[in-house]
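Both complexes below contain chain A, partnered by chain B and then by chain C.
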Partner chain A sequence: MRMLQVVRKDLLRFFRDRRALVVSLVLPLIITFIMGLSFGGGVFGKKGISAIRIVGVTDGIPQMLRDPLTEGLEETGFFSVTWADSNTADEMVRGGEAAAAIVLPDDLVERFFQFEPIRIRVWKDPGSPLKAGIVEQVIERSLSPIQAGEAVYAGLWPEDIQPQRNQEWTSTLESYFQGDVQSVWKQWKQADEDPFWDIFQREFTRIMDRQAALSDAMEGPGVALEVENKAMTDAEGPQDDVNLFNYFLPTFSVFFLMFGVAAAARDFHREREMGTLNRQLLSPLNDRDFVLGKWMAAAIQGSIQLLVLFLAGAVLFRVNLGSDPWSLPLAVILTCTSAAGFFLLITLVCRTEKVADTLSTITVLAAAMLGGNMMPVDQLPDWVRSVGQYFFNYWANVSFSRVMVSDENLLATPQPLLMLGGSTVLFLVASLVAYRIRRAKGGVL
Partner chain B sequence: MINFGILRSLVALRLLRILRDRTSLIWLLIMPMVFSFLMGQLMGDWGGGSAGSLPRCLVVAPGSGAEVDSLLAPLQDNAKFRLDRRDTTIAEEVVRDWLDRSRITAALYIPADFAETLGDSTAAPLRLFYDSDRLSSQTVRTVLEESILRGNAIAAARRLVREDESAALLPGESRAFDEATFERWWNDPRVFLEAETLGRVETEEFALTRASQHVGPAYIIFFVLMFLMMSAKELVAERKDRTLARLVASRASTLDLVLGYFLAGMSVGLIQAGILLVLNSLAFGLDYGDSVAGLVLVVLLTAGVASAASILLGCVARSTAQADGLGMAVTMTMAAVGGLWWPLEIVPEFMQTIGKALPTGQAITIFHDLIGRGYGVAELSPLLLGLTLWFVVLISLATWRLRRHALG
Partner chain C sequence: MIQIENLVKKFGSIRAVDGISFSVQKGELFGLLGPNGAGKTTTINVLSTLLPPDGGTASIGGYDVAGDPSAVRRLIGIVPQEIALYQDLPARDNLNFWGRLYGMSGKALRMRVEELLEMADLRQQAGQKVETYSGGMKRRLNLVVGLIHAPEVLYLDEPTVGIDAQARGRILELIKELSGSGLTVIYTTHYLEEAEHLCDRIGVIDRGSMVALGDKEELIDQVGDQDHIRFHLPTARIDEFTRAFSGRQDCVVSGVVRGKMELLATDGARLLPDLQSWMTAQGEQLEQLEVERPNLETLYLNLTGRGLRE
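Up next, the complex of A and B:
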């Protein structure tokens, strides 16, 4: 009963500080809202980074080639394409208006038919390396079949690739491809008198036969690859739509919970410095009741904070609170009991409130980074995850993720709950020992 | 007339307080560097990073053999992902879930009978689950498709070879397949892609490919803002314990007080930013571009905005606890929306617009433009003007509020 008096007194103080209450409840919701907007909570924006803006350089590229290129690039589902001259494209990429520019050589068609090297350039925006990198990858993939075809052709018919042709032959060949499609066709129709025309026709037919045979062979049996794109699947239907608030709300709630519970635990120092602790010690309150009372007050305060945040999240962001009625309440309670024990221990081993404040804030920030409050636990690098497992917030984040993201029953896979429960006992016993040592040394006065 | 004695005293007092309080050094210097290091490690996904921090490409290959090894060989030792090969089957639902949670960047299923059915038209296909919004995932697809294409191309070539000299060649057939020529053309294709990064840095070394180039400046801005916003409570305390009233009684004008508090905060911000810039440069090899004037201006304006915001907060907060809470709330929100925690590149356009309207977004964009685009003051001027506008608004509001407090 005496312990409950301590709990009641601390909770009353917490509820009377309305400003702190607002910060501990409103701030996590604001940050969660921002995160949701930023990473596709589906409120306003399009999800992901699709429709990357790219610019094609028009110099020397005829309109009849531009249209299929635009269509091809936009069909990939990744790009929105505009065309501009090289100077404008350069400015657009340098200024960040486009993630990348694709620059084809002026004499692309002639080079292609004359087996000359063709350099396709991608200019990348230095401020947008992620999107520009994706552009580079997609263009590289679209060139691969051409490169493979030519390599095979060269391996099968090397004489066609490096023909023994004299200057006259080269210039005549060039003349057969000069102008637009119509003029090329007219020139071919009128070339009967040309001594090279027969040779050209024979060579051209042979090459086309070989290209056709190669094309058929490339489509023959081989290793097939089926590709399933996560980003596209997500966009296809509401049944696949992931509510990112399910992840962001618990992680930011746990982050701000740590600040709130640490502040509640530091109440010990405030009372010590104001002298009210001295008066409590004069009462029949024993060490155990005092420590348990402080711990329980902080844990209840934290539990209320988390429950209010989750309920607000369910209403505002349609956050999933899990289908199992016990998993979420258990995760909330054990997270808060563990947090209260941890920060009470820090408070008791620190000499003053200021030291406790600094140490607890540093711990909160380090734990947030290593325990999965800054980045999903699943995405943490291995070494960070292995260190993070020593922080209670890691197990809290795992618990909430399983309940709210995966809709799992924590009682069926209780490891995170057991870790939180075990750490609660550990921190509580350590706090009691720390308090007794401190009291024995006269450090509570 | 400005009383320089009061200005000097206020600046000296603030610096003395910080120097005497060793814990403030933790917030000034140690935490920003720790954050830069750890967040650089966590953001390794967007670039290269250490092997341990590279995103994982899961390969589910119950079968084995030289064919599987040959298929996977090009995927080994990639700078953007690491291969995790499993010889046990994992359900596709599990893999999709891992991909959804970004636990893996891609997953490749190789059928158990891959080697036995190679070249058979009825063979089961390989299956790739990937995420087109991730560069590492796109890279997996590119490398894998190239590897498959290479194998298929060689197989196709062999189907067109008629080695029997006595048989006549049909159109589109060859007597031999010259693998050496194929290899030469495969490795040095006639149609090739050449990528270059425009701007100052013409390599792959900028920004997200080296997370520290975003994280370093971002946490300098964040901690300068946070430290000054958190110290707003000192002004609240001075208002409460009547130190401010005593300063007014000692003939300090509103201008003296505003300038004094502003310069004190500004000095702290500049010292902190200066030391952190040097430490980031030494520890993470950061290079801040070619425009010293641009760098100086962005640091001055960032410290100025933070100092002015701190005075305004110190004037509007009714208690030290309120100043703390509001300071934390404002700092966190400005950091999140302004692109200090993650680059604005990856958020929707309307969030980019909002972010770039905030001083945090303007400051980090200036750093990106300095480092990546090699911009000078002229190109940076719209963003520098934006920061200046913020500074003018905040210092005007701060002066107005402080004047009200000074006049009682």
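Up next, the complex of A and C:
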């Protein structure tokens, strides 16, 4: 097959080109690792990601506290909050309906007024470790100003830190916070006759005023929090050991793959300018073999790039490559054949290498944004997802996230693979047509 | 072997090749001489089936370039104007690739590659990347790549551009040898002395048209047998001089050429004493005198009005 001679020659050139090797292999490795290691900055810290569903556990949490909590959590832009009792919450988390549950202690109100540290537990959904990780991160991050606030408060008003540990006091207090806002309000209005009301009102007002003054100063709620993670299931493996690279590696790899394959496809223009294309046109090599050869060379370069990145990830960062022996290789190959077809088509419709370079860079960035290389596919807002579906990298990202994050067998639900395969055929046919048109117009000289 | 009749190739409104005709015999070394932009490369591209002609016909070995391009391609080898090589690969890998495209393999390919490396005098450097080669080495490799499949006809498009005199000499020797062994060659150049030194017949092409065609002697005959006499003449004397000499039968005053007065004389030797005495009579010295016998350069200047730019 003459086509294979083109492939062989292009791969020989690829492996002898130190710059190409650095750009397509070494650089992505370094950048991916740096980005991955510094998780927490940037990538997920943006608003506008579709909200992560979390569930707050209502046991012992009065409605009055729920509303500001809900508001506060939703304001971060990360979460949509529902409330349920601990059993329902447990089921929701286990069933994957919610990414995490935030469990506030039953004695929250007591502890609040007695200035004891409040312990918040997070129940994680082992099926979406990343989202649960975000919940944890957000809570952890909001902790530091709160803890600082507590220190300031203790310094200013030490008498508040040694409160009277009066059981009656706190249980009566709690009764004022039962029910919804209206009933609480009603209770408060009727409380005039209650002998306890006076003390309560005085104490409460004093504490609240100081808390409010303080929180104005600190711009944070005046509560001390403590986070305790709690893995939900007894499922195999240590649940806390969430490997963020399972997400990062494939999305960044596909991102770099697009640049690498686009550069490989642009070799058409370099051959045209060098004059080696003309020489090939004069040899017995036909149009189809030439186009297919260029395509296959780019696809193989891409596959090598992905495999090297994935294997390095597996060795250095224990990235999960899936347990099905066929899923990952198939996803890699089909991603690369589709990418090579796509960028070859772009190359062929552009008049010069410079134009092709510009257009493919713009396309890579747009595809990365819409197809889920800037943020995980399942975090994409619905509208982005519906647009992203028209980009091959969306299906590549879906495939890799299913294999490497959820450890699924892609052959069982082959839609992403079929999309990649189908788009490959489509891009190839279009590339052949584009090449023929170009040749007929004399545009290969 | 090669028959070209009224060949036309247009790029939009530009007639890059504007109705040229010539033929090349088997084993002949035909020179296509012309300045940059004359249409040499375009002609080669049409003759090698890379561009379809817009008019006229061209056939190679009896096959029409438009009608039977693949048969033409089997006969021809091309050495393009640019260094059409993979500079990131060694010479041997380059030759191997081109050989395999022509279906060669195994021992036959190996032998052919070694033979060509020998011919290009590159055996020592065959394992080094082409980008490390000198201009002359690249040109030699570029040349032998065109021979990989042992073509019957070889097109050489300005194969010596951009290299020093010594490297050029080696390439011209190589081409002479090839031609001597029976290969039919079309050699394009804008160097007059190359065409003169190398080619059996020369076609002079300018602005897409063939302005002269023949072997060296025939071309010089076309210039006529006039000698060119040039000398320094003060501007004030030009009118006087023209009046005095334009009536004569044995010469033509062609005017000021390159800052000097020029005369075309049927016999320069006879005219010079008259010129000398006229100048003396005017009280002028005959200075910066040049007498040029007819040659291709004069022909070329006359035909194209342009020098052969480097």
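Here, the second predicted complex is superposed on the first by the 246 of 445 C-alpha atoms of A that agree within 3 Å, B and C clash if a C-alpha of one lies under 4 Å from a C-alpha of the other, contacts with A are read in each partner's own complex, and residues count from 1 in each chain.
In the analysis below, a contact is a pair of C-beta atoms (placed from the backbone, for glycine too) under 8 Å apart; a residue touches a chain by one contact, two chains touch by 3 or more.
None of the values given here were measured: they were computed from a predicted structure.
Colleague: A:L380 in the overlay: touching chain B, chain C, both, or neither? Say first, second, both or neither.
Modeller: first
Colleague: Touch test for A:R121: chain B only (first), chain C only (second), both, or neither?
Modeller: Once the two structures are laid over each other on A, A:R121 reaches chain B alone.
Colleague: For A:R206, decide between first (touching chain B), second (touching chain C), both and neither.
Modeller: first
Colleague: Contact-wise, after the overlay, does A:G442 reach chain B, chain C, both or neither (first, second, both, neither)?
Modeller: second
Colleague: Which partner does A:L12 contact after superposing on A: first (chain B), second (chain C), both, neither?
Modeller: In the superposition, A:L12 touches chain C alone.
Colleague: Is A:L285 in contact with chain B, with chain C, with both, or with neither (first, second, both, neither)?
Modeller: In the superposition, A:L285 contacts chain C only.
Colleague: Which residues would you name on chain A as touching chain B in one complex and chain C in the other?
Modeller: 17
Colleague: Give every residue of chain A touching chain B within the complex, in rising order.
Modeller: 17, 19-20, 22-23, 26-27, 30-31, 34-35, 37-40, 44-46, 48-50, 77-78, 90, 93-94, 96, 112, 115-134, 136-141, 143-152, 154-158, 161, 206, 209-210, 212-214, 217-218, 220-232, 234, 242, 354-355, 358, 362, 365-366, 369-370, 374-376, 378-384, 405-406
Colleague: Can you check the complex and tell me which residues of chain C touch chain A?
Modeller: Residue positions touching the partner: 45, 48-51, 70, 73-74, 76, 78, 80-89, 93, 97-98, 100-103, 129, 145, 149.
Colleague: Which part of chain A faces chain C closely enough to touch in the complex?
Modeller: 2, 5, 8-9, 12-13, 16-17, 274-276, 278-285, 442, 445
Colleague: Under the definition above, what is the set of chain B residues touching chain A in their complex?
Modeller: Listed in rising order, the residues are 23, 26, 31, 34-35, 38-39, 41-42, 44-47, 49-50, 52-53, 71, 96-103, 118-121, 123, 125-133, 135, 138-139, 141-142, 144-146, 148-157, 159-161, 171-174, 176-179, 181-186, 189-201, 204, 206-209, 319, 321-322, 325-326, 328-329, 332-333, 336-337, 341-343, 345-351, 365, 368-369, 372-373.
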